[in-house]
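The same chain A turns up in both complexes below, where it pairs with chain B and then with chain C.
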Partner chain A sequence: MQQTKARKPFPTHVLVFLAPAVIIYSLFMVVPLLNSLRLSFYETGPQNQLTFVGLDNYINLFTNVNFAPRFWGALGNNIVFFLVHMLVQNPIALLLAALLATGGRGRGFYRSTLFMPTILSVVIIGFIWNLILSPLWGVAETMLSWVGLEQLFKPWLGLESTALVTVSLISVWQFVGIPMILFYAALIGIPEELTEAARVDGASGWSTFWRIKFPLILPTVGIVGILTYVGNFNAFDLIYTIKGANAGPEYSTDIMGTFFYRTYFGQQLQLGNPSMGATVAAMMFLIILVGVLIYLFTWQRRIQSYEL
Partner chain B sequence: MSTPIAGPKIIQAHWWYRLRQSLRAFAPHIILFGYMLIALFPIYMIIMNSFKERNAIFGAPFQLPNAETFSLVGYETVLQRADFATNFMNSIIVTAMSLVLTLLIGSMAAYALSEYRFLGNTLLALYLSIGIMIPIRLGTVGILNMMVTLSLVNTLTGLILVYIAQALPLTIFILTSFMRQVPTELKDAARIDGASEYRIFWLIVPLIRPALGAIGIFTMIPIWNDLWFPLILAPSEKTATVTLGVQQFLGQFVSDWNAVLSSLTLAMVPVLIFYFIFSRQMIRSITAGAIK
Partner chain C sequence: MRKNTLFVLFLAFALLLASCGGGEEATPVETAAPVEEAAPVEEAAPSGEKVQLVIESWRNDDLKIWEDKIIPAFEAKYPNIDVVFSPSAPAEYNGVLNTKLEGGTAGDLITCRPFDASLSLFDQGYLAPITDLPGMENFSDVAKSAWITDDGATVFCVPMASVIHGFFYNKTIFDELGLQEPTTREEFFAVLDKIKEDGKYTPIVMGTADLWESATMGFQNIGPMYWKGEEGRKALIAGTAKYSDEPYVQTWQELADWGAYLPDGKEAVKYPDAQSLFTLGKGAIYPTGSWEIPVFEEQSEFELGIFPPYLPNAGDTCYISDHTDIALGMNAATAHPDEAKLFLEWVASPEFATIYANSLPGFFSLSNQPVELTDPLAKEFLSWRETCEETIRNSYQILSRGEPNLENELWRVSAAVMNGTLTPEQAAEEIQAGLDSWYTPAQ
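And now, the complex of A and B:
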């Protein structure tokens, strides 16, 4: 045992300082998480009695006709949901951040207003867009007609082919503020001397950005990537608000979060199933864990060696 | 002598330079302004139309309310619902309690981790930071079972405990790094004066106030906006929060557009006012935190 502060009795105060945090965190986060994982190896009987069934629930999830199509569907949709965020949200965020970081008039104002949708509840955002895109109100249609494109209008949220991308874009619209602020913080943290030297050498703003600034903010790019991944594979509120637990039309907007909710609590004709719900949650845990590990062991490592 | 020739040239270059600079300064404005319209327009449409009568909402959605179309009928419908006040109180209690307790418990733990070296210090710090990456929602099944056992279902206490557990990992992680920056001399001087460790903790806390403020804002917003845990742990009428209340209310009144627009506006306004007051500090604190 190390003793840096010499001549001290048993450090009760250390225990007092740590106990509340460790107890609440363990009791309401770690233990429930482990219990959920454990429950995925058991079957729940009619009187809530548990029987150990090994990997049966997982086999069920991958092969049973009631679960497998929904699971693969939700996973596929969730991947699309994530890709839309990576390909639309994060590049827009980078562009806005780069423009904000150039300084100049009104930047503080833009920074605050662009971040505003992010602080509103997903429930409110969901309803707002539901109304704006509603054919009943016709706001979106009228706006398209201003530029002569009204024939492009469709009830995007109601069509199987477009609902998922539309919901993803609404989510992008709301959350673009977070990566924007993270990129912005990284960009204004770059020392002036580095870009100054390039400017003296006659480099354009464009090449200064990609050759000097972007490589320097790669750690932030990684953080934004992993935050997007974890947030997306854990999403639920927006789709539940706009489309309900059934994630219609025809499950076309179903992602892991809504699939978990339906499996655990049941829906119109199907009773809820705690064990299968726990199994879906365990799969979400695995998916997120794989992403986090890939991030920690490839991206962060490479970045570190890059800095050396 | 080359000065008389070079003189006008410099002025000319200067003029061109200024034009090019101003063009270059203008392009970001156009993009930022354009995106700002995209970000604000939907919110504006909802708030503006909530003050109009039904025919005007549908007939001329882009027109500002005037003497003829102005109407508060939506707000009357919403405010007649007694639950709205209850929902607000619930949200305020849950958010405030979670916030205060997270900051207190989190800074205590951060102080212990940064100040004392004991066996398993690093391991404990690592254990407490797992929750930064793994979302607490994945333990929902276990949390609900535990709440049933403790009979905390449909209580605000249950929600508060979950939100504290959710916010602690990041709070402790950030506060630990801030606590480390407090000069040791300060604490040693207090120790020589015979102050107890608890007393020293209370001396340190005010020094990290900026960090506490930033974490406070970032803990608050997700708790206030959360739908998942109120829906699952406390869906009863007595315990529903604003977010859940609005969600259920909007579900029932889909066809009453006045009521829908007004309740959306009412749910947004407190958050927007709060944001207008604190947005500068908030963004400054994230940027400051991220640079570290």
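And now, the complex of A and C:
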């Protein structure tokens, strides 16, 4: 009897506090997302009328001679785009963060300068890099000639073999500040006593970093990884600015975002196809969802966070 | 107290449900026929009250001309109507316009792309029919062909202008090197070789980075000479000719031959880069169309010359691409249909044709009414209509309706042919295979 009396009443106030976030999030995120997923099971007729077609759009996307090569091509390019970020952007960000965390003069200056491209408009980034790499009046060729390497210069943004890596590196240049700041914040959060103790025990700077600091910032490494993944598979604007929605030459810079844009909105004489576009969007959602789930179950669960 | 919380909670859920419902309704694709809700029921504003008309357009280059010349001329006649020209970027126009129309926020007057893009807007009920608009008798069937239903019964846009393809050249460079305007293929390449030999200037100014230049300013520019203009274009639609036929392979072969005369790093040279290279006097010949006149006249400090697409052999018939490019229609959902119609009537009048053609030299009126041009280059472009047969770009009518989209494919392969990464034969094969995959010509 005593026990039943002590049972807490249902905490209605919690629901009230949750309501604003739930309502806004549902209204602007969940409902449109579900609606877009729903649209991918329909076909758009000439008068915009919708007919239910089940999984036909998906089958088309994977097998149709017009869609399948574009889809797999965009997915492959997107994976390259992501790998360049993981292998170039994040290690550089870690290095820069480690250098910044060691202190020294001019730290504030470098911290702001390295972060600067991130806050610039993507249109400006695209314009600047188009100019720098322009074979007509770009400074890239001139700068190479200072060290006698001008024969190495190529119109990198225009060649099928190099265009994708070039735009990926431009994107790396733009966004390196974000993982850098995250790593930096994690590194300066490590208490002095730990590193001091290591130093007293005779550990070198190198092993202090890899044996003590790096394991302590592993949660941040995971977060940076997943942020990079989500950001890269949602990317669109930089490629659209530099190469246009046709992502030339020969679709060599086509990623999921540009493929979606072309399919949904159409092009010069190509009319947009909302339901096929929604199918591409659903695939993007699925790819990101799978990535995030893998991260949650294989990384975040195993990683230990230390209370410092 | 407790009662209160429950009430708040209930209210919150009610709101949530309502918002979900709202979200559903807001999805524009669901409504089957926008025509019904778009019915122009509102009365025209009573006289004395100012009515505002908004024009949607992709011609952001022309903003100044509309604001300084065209709109004031209209407003002088109709002081009660206030017209606003509201352009968006050319590459985004179709997407932006569709979204605005679906959301019901588009302007009263819609600038029409030729053929299917506008036909689809009409079929969806976004554009109003204007077949009986006074002034439409000023336009020939060819002029109206880009904005008419397939059965030829209903017209939905007032034709405004066409553009003519050709070549610009730098007269100073031609004089310096002692060159003449080439008229045949042989002469053209002889001129290119001389410029290349001299080494100071880029022979042909064009890049392939934006893809469309190669197709629009290359393939559609010189191609009509090979496929014999309208004859070849109609044969493609009828299915009696194929893109893998000799004339098309030859056209791509021409583009491949141009490749050696383009600027270094042509793969990364964009359209504005090429324009600047030419207007800075660093290049000799610029293949393009008449729409370039205002830009080049303003920016270049040397004397400009033009010559029509060269003949494959001396004595061949000359064909030019005189492409119906731009028209103006009325948003079916406009709140001011009467005023919008007044504006369209005025657009169909010779008065508008004269103002338009002279403020935008290079955009030629499609009206039958005689228009006096003042710009010498525009006059010269227009004179080719008398010496050459006219045609329009061959991918625009009907053939770009399916997947893969013919126009996009032409951009892609033409750029690849100029870059040397695709042979003319491969390009022809790929285009025809793409077309065959969905197009069955009416027999």
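Operating definition for what follows: the second predicted complex is superposed on the first by the 277 of 308 C-alpha atoms of A that agree within 3 Å, B and C clash if a C-alpha of one lies under 4 Å from a C-alpha of the other, contacts with A are read in each partner's own complex, and residues count from 1 in each chain.
Operating definition for what follows: a residue touches a chain if its C-beta (ideal position, glycine included) is under 8 Å from a C-beta of that chain, and two chains touch if they have at least 3 such contacts.
This one's a predicted model, so the numbers in the text were calculated from it and none came from an experiment.
After overlaying the two complexes on the shared chain, residue contacts for A:A245 are found with chain C alone; chain B is out of touch.
In the superposed model, A:I294 lies in contact with neither chain B nor chain C. Contacts of A:F236 after superposition on the shared chain: chain B is touched, whereas chain C is not. When both complexes are overlaid on chain A, the residue A:M29 reaches chain B alone and has no touch with chain C. Measured by the number of chain A residues touched, the leading partner among chain B and chain C is B.
By the touch criterion defined above, A:A281 reaches chain B but does not reach chain C.
Legend: residue contacts after superposition of the two complexes on their common chain; A:L159 is shown touching chain C, with no touch to chain B.
With both structures placed on the common chain, the touch criterion links A:F127 to chain B but leaves chain C unconnected.
In the superposition on chain A, contact of A:P135 is made with chain C only, not with chain B. Once chain A of one complex is fitted onto chain A of the other, the partner contacts of A:H13 extend to both chain B and chain C. Across the superposed pair, chain B and chain C both touch chain A at residues 13, 16, 22, 27, 31-32, 35, 39, 137, 274. Residues 24-25, 28-29, 31-33, 35-36, 38-40, 42-43, 45-46, 57-58, 61-62, 105-106, 108-109, 111-113, 116-119, 124, 127-128, 130-131, 133-143, 145-146, 161-162, 164-166, 168-169, 172, 196-198, 201, 221, 224-228, 243, 246-247, 250, 257, 260-261, 264, 267-268, 271-272, 275, 279-280, 283, 286-291 of chain B touch chain A in their complex. The part of chain A that touches chain C in the complex is made up of residues 12-13, 15-16, 19, 22-23, 26-27, 31-32, 35, 39, 44, 46-50, 64-67, 130, 133-137, 154-160, 243-246, 248-251, 265-272, 274. Only residues 2, 5-6, 8-9, 12-13, 15-16, 19-20, 23-24, 27-34, 91, 94-95, 98, 115-117, 120, 123-125, 207-212, 263-270, 273, 276-277, 395-396, 400, 403-408, 411-412, 415-416, 419, 421, 434, 437 of chain C touch chain A when the two sit together in their complex. Of all residues in chain A, only 1-2, 4-5, 11, 13-14, 16-18, 20-22, 24-25, 27-36, 39, 92, 95-96, 99-100, 102, 104, 106, 108, 110-117, 119-124, 127-129, 131-132, 137-139, 142, 173, 181-182, 184-186, 188-189, 205, 220, 226, 230, 234, 236-237, 240-241, 257, 260, 264, 274, 277-278, 281-282, 284-285, 288-289, 292 touch chain B in the complex they form.
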